[in-house]
Structures are given as structure tokens and as C-alpha cells.
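Shared between the two complexes below is chain A, which pairs with chain B and chain C, respectively.
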Partner chain A sequence: MSTSTMARVGEGAVFDDVEVGQEIPTLVKGPMTTAHIMRWSAAMENWHRIHYDWKYATEHDGLPDVMVNGSWKQHVMIQLLTDWAGDTGWPWKVGFQFRGMNVPGDTLTAWGRVTAKEERGPYGVVDLEIGLRSQKGEESTPGTARVVLPRRGGPPVPYPFDPAVLGTA
Partner chain B sequence: MSAVQTADPPAEISDAEAERYLQTLIGPIGEEVTTLVELGAVRRMALALGDLDPIHFDEAAAKARGYRGIVAPWPLLWLYFFTCTVYEHDFPFGKATVHGQDDYEFHEPVVVGDQLTIRTAMVDAKLKHGKTGRLGQVVSERRFTNQRGELCAVLRTTLFRR
Partner chain C sequence: MSAATGTPPDYITPAVRAIIGAEAPPLEAHHPVEASEARRFHQALMDDAPRYWDPAAASRYGGPVAPIGFPVHAMRRAEDEADPLDAMQQGEYDGVDRRLRPGLPEVQVPLKRLMNGGYEYELFRYARPGERIRVRSRYADIYQRNGRTGPIVFVVIEDDYETEHGERLLRSTNTIILR
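Our next item is the complex of A and B:
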């Protein structure tokens, strides 16, 4: 397998600058409308009626409204990480739990906070707590992420990303 | 003389039977599927997200930043989840299935023109007892590999049956 070694130019986070407890820049989406949800469902070919059929969602399933897609919410949090890591870092792992619903009218803020950092070979591994907060302050999608970053003056994180490049802990 | 016969509701199966059933779910699910990553699908998804990074729709911009081609937003994996894999499971117990958690690992960007192969397997299935009673927990895993043999991503989806 080949490994890409070209220069990647996007401005991304540098491991040396990261501090435990640091908040990374947030990403705000919304207010969500039914058009956003319909468009996303079509792009996903996800035809579950709770995402576009108000009568079905509210009367059959007893939901408060049509639902913002879980996969869309995940993307906002993945975009939060890819924006932060830039082209030189690599969001490696990310996981989410679905704890709450979001509906049209919600404005959602993806946020992340650094919980740990560790030098690994020529790179650095950063763990984050991440979440998606509504305008009411409700967290719907708590999760964690592990992002690999370059060190100052060091090489960009190569991909295909193979954890072996980190050496042993 | 007639007696009104009322059907008993189906008896819930025992914990041991539920555990045996869950164990039968472990292993590959369906055949592996290979599909083309289309420009239209990638562009439609990026616009639906409002993710306007040009690497998602401008080939020259993507290549200038070192990618093999136009980069698919990661949730494009869900398109293939819905269109190429079995994602609903029948359970002989409980009333409702809840999508509880997703975990991703990312290794290589998926780009337009890739032939993506998806292999699905149930990797964990167990019975738990929580505050709300008996809970089945199953974890299915989808591994996405490109035509160069590179593992692009792994998506693990946890469903709860209660």
C-alpha cells in the first residue's frame, strides 16, 4: 500500500499548542428547517418517515415533530474535528451516543474539549470529549474522539492512516 | 356450550433462549457489496451538509491539497449503509429496537471514482439487565475498503432491543 506524502496545506492544529482542558472552535448549524432534513434524507437515501412525514412522526410514532437525522448530527461533529485537524492532522476515531432528539427550529452547536494528549513518535495523539448542544442548552449526542496531529515543524500525519506510525505507547 | 378462547399473548422467551439467539447473530451478515462512489452523490451530500470545503466538489482543489480526487464527506458511508447492507434485525423478544451508538475509525479518504467494498458482520451480541429490564445489545460492523485494498473506514453501530 502506498502512503500519501504530499504537502497538505490546510491550516490545522499543531500538537504542541494543544492543552488539556482547551475548548476547540465550535461549529454552529441552524436553525434547522424541514428543508435541511429532507435534503439530507434524500442525499442519504434514508426514507424513514420520521424524517419527512409530520403526520406519521407525530401520530404514529408519538414524536414531537419530524426528526433531525442522527447521521447529520454525527457529520456536524465530524466536520468540527476535520476543520480543527486541517489537512495535516487526522481524525482517527470518533464515537457518539444518541441520547436526545432534535427537531426543526433547533440551532445546534458542536463543541469539543481536550481531555488528554500524548506524544507518539513524530506525532501527537489528542483525546477529546465532544457534544452537540441545542439553543436550549440540551446535549443530544455525547461522544469522544481521538485525533492525531503533527508536532511543530514535523511531518503531516500520513494516510492511509495506519496506527503503526505512532509506534508503541 | 361455547367457551370464548382468548389467545394468550406470546410468552417472552427465557433469558437463556434470548442469549442463545443473540449468539446465533454473530458472524458475517449478507454478501460483500462493491459500489462506485459517484460525483453526484458526494456533491449532493456536501451541499446538504453545508460543508463548502472545495475538496468535496472541485477536483483541482482536492488534488492541489494532496487528495487522490474529490473527497467524500465521511457520512457518505451511511448512503452505502442504507443502500448496500442489511441493517434491520429481527428479535424474538422485546418490543422496540433503538439505535444507541455509532463508532467510527477513519484510515483513508473515500474519493469519487473509488470502488468501495463493504463487508458487514455482527461482532457482538449480548443480553444485559438494566433499570428498565432486559436489554439486548448488538454491535454490527461495516468495513469499507477501496479498490487499492486500503481500509478506508470502519463503522460500528450499536442497537438496543428492549
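Our next item is the complex of A and C:
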């Protein structure tokens, strides 16, 4: 049983290969357990009881179980994009809302779908709709993203990233 | 509960309006980014990309980096700062610091429920172990919408993260919902 899909590293997606409507490779995490939640909370030094105190979460706050951290989910959404862009592209913008809860037992799939693409100088800008879906099909973290990719045979996106390299739209 | 009839109360009082645009003094992390905290971060995230640990794979960045969103968790407790777990003696304490951001004035609104409405990130650069992170926070906007359940106040906070040398790392735009 794998807890995480293998990260794509090195060369990332190329603008010329991207099509509107295309799904980018998904990123699967889980099944999540209380140990995964505890590990993240400890690494963040986040003491919010709903992440580790079952009695408090269920009896005081009336939740169904301890909660998977929203802060963890947001970095999963960012990893979806760094995996896709690799070290040659850049995840310029990412935004999402916390709409749903996730609990131990959930397996979460981060996904992205291309909604627009535009050439900008020697690079390309790709807009995506993104989300985090549980094994029950429930979406908890809907959002959007904008990723900058190299053109085929072109230079990698300069690092550190400066939006000025894209010129004016 | 406010009246179910008539106009809902306007919580965006002159005092609240006056803090829109308010900026906190720059806050610097108590210690430089540690390789160990960056490792625990990417391992707990279950992101094992070599740029976080393999100098050869990270040569483009000048060496291994912390995951791109790391700076938002870089403001740790100083060695001599009060222990937040002391408050656990109060049975009801949920473990969460109610200060939205240290250094920003309190939003004086009589609404009890606080929800995280989400984030917009603009990303520029990875932080590296050894670099010191600082953040500048400001209230970008505070506004009210009147829902069926009553007034809802949205607090939009911009956090600009940079290195001690002023190199931009990321901008976070966080919407806090009070209702």
C-alpha cells in the first residue's frame, strides 16, 4: 500500500503538449490515519485539538472524528502543481477554499484540469481548475491555479520567478 | 442575535474602516530555516521530490530547498516565549491562537464564529535552510455581506514573505470569515 504517488521531478510539463480540457497527472495521498495527522501537526507545531484529541473533536466540537489539517491539504494542492511543473516550470499562482472536512480513512486525490493556455514571450501560461477529491467522490478544496511552462526546446522558466519575464499580457 | 427584521447592523464601523490598509511591523522568524524542519515538513506532506534533499537535483536553486509553501509555517515560538500548552489547563481551550496576526490591530466585530475562507498564493522562490524568513502582514480589505443567517464579515489579509535580504518568497492572501 502506497501512501503517496511517486513525485515527478526534474523536467516538467512542456507548454506545447498542453491542451485545454486536459487532466494533469493526479496526486494520491492516503489512506490517511491519525498517525499522518499527528505527524503533520507536530511538524507544524499546531496544537489545535480537533487534529489529535478525539474526545474533544467529537464531544466538544461535535465533529465526526479528528480532522485532516487544512494546512496539510493546501500544501498537497501546491505539490500537485510542483510535480507537474517540475524544475523547469513554475507554479505562479494557486488559490483554494476550504469547503469540506476530511477524516482518517480518507484517501485523497488532488486533480487539475486545464481551462486556458496562452503564449507569453518564450514561455506559456496555463490556467487550471484544481480540487481534492475523497474516495467517496466529495470535493473539499476547490480552487484555481496558474502555471508557467517552458516551450518545446525553449529555456526553462527563470528562477527565482519574476512575472516580468512574461511581458505584458 | 440581532433583529430578524429591518436592516442588518453595519459592522464596518468607522473604527473598523480605519484599520483597512493597516500594516504590521515586519516579523522575523526566531531562527533560520532548519534542514530538519524542512525535512519533517516534506516527509509529513509525503512529498519526496529530490529538490528537498539532493544537492545535485537542487543545483538550480543553489542547493536543497524547503517546500514552496514552507514560509507560511516558519514563525515558530521563541525559546523564552510562553508555552501555549499552558492554556490546556482551561478545559474548553481548543489550542488555537485567536490573534489573526501578531502586530495587526484586532478587528472589533461582535461575531463569534471564525472560519478560514481560503488562500490565494503567488509564488516566487523557494526558501533554503540557513535563510531567515520574515513576513509583512496587512489588512487588504474588510467588508460585510448580509446572508440569510445574518451579517458575515470578510477579513482579507495579505502576508508578504521574504528573506532577510528582501528577496520575495511568496504572497499569501487569506480570507477570514467572521459570522
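General observations
Just so we're on the same page, the second predicted complex is superposed on the first by the 160 of 169 C-alpha atoms of A that agree within 3 Å, B and C clash if a C-alpha of one lies under 4 Å from a C-alpha of the other, contacts with A are read in each partner's own complex, and residues count from 1 in each chain.
Just so we're on the same page, a contact is a pair of C-beta atoms (placed from the backbone, for glycine too) under 8 Å apart; a residue touches a chain by one contact, two chains touch by 3 or more.
Being a predicted model, the structure only gives us computed values, none of them experimental.
In this superposed model built on chain A, chain B and chain C take up the same space, so to speak, and clash.
Look at A:E45: by the touch rule set out above, it reaches both chain B and chain C.
Applying the stated contact rule after C-alpha superposition, one finds that A:P160 touches each of chain B and chain C.
Using the contact criterion defined above for the overlaid structures, shared-chain residue A:E119 touches neither chain B nor chain C, since it reaches no partner.
When the two structures are aligned on the shared chain, A:F96 is found in touch with chain B and with chain C.
Once the two complexes are laid over each other on the shared chain, residue contacts for A:S71 go to chain B and to chain C alike. By the document's definition of touching, neither partner reaches A:D127: not chain B, not chain C.
By the touch criterion stated above, A:D16 is placed in contact with neither chain B nor chain C. With the contact threshold set out at the top, residues 4, 7, 9-10, 29, 36, 39-40, 42-46, 70-72, 74-76, 78-79, 82, 87, 90-98, 159-162 of chain A are in contact with chain B in one structure and with chain C in the other.
By the touch rule above, chain A contacts chain C in their complex via residues 3-4, 7, 9-10, 29, 36, 39-40, 42-50, 56, 60-61, 70-72, 74-76, 78-79, 82-83, 87, 90-98, 143, 156, 159-162. Across the complex, chain B meets chain A through its residues 41, 44-45, 47-51, 64-66, 68, 73-75, 78-79, 82-83, 98-109, 148-152. Per the touch definition, chain C reaches chain A in the complex via residues 37, 40-41, 43-51, 57, 60-61, 67-69, 73, 76-77, 84-85, 88, 92-96, 115-125, 167-168, 173.
Across the complex, chain B is touched by residues 1-2, 4, 6-10, 29, 36, 39-40, 42-46, 70-72, 74-76, 78-79, 82, 87, 90-98, 159-162 of chain A.
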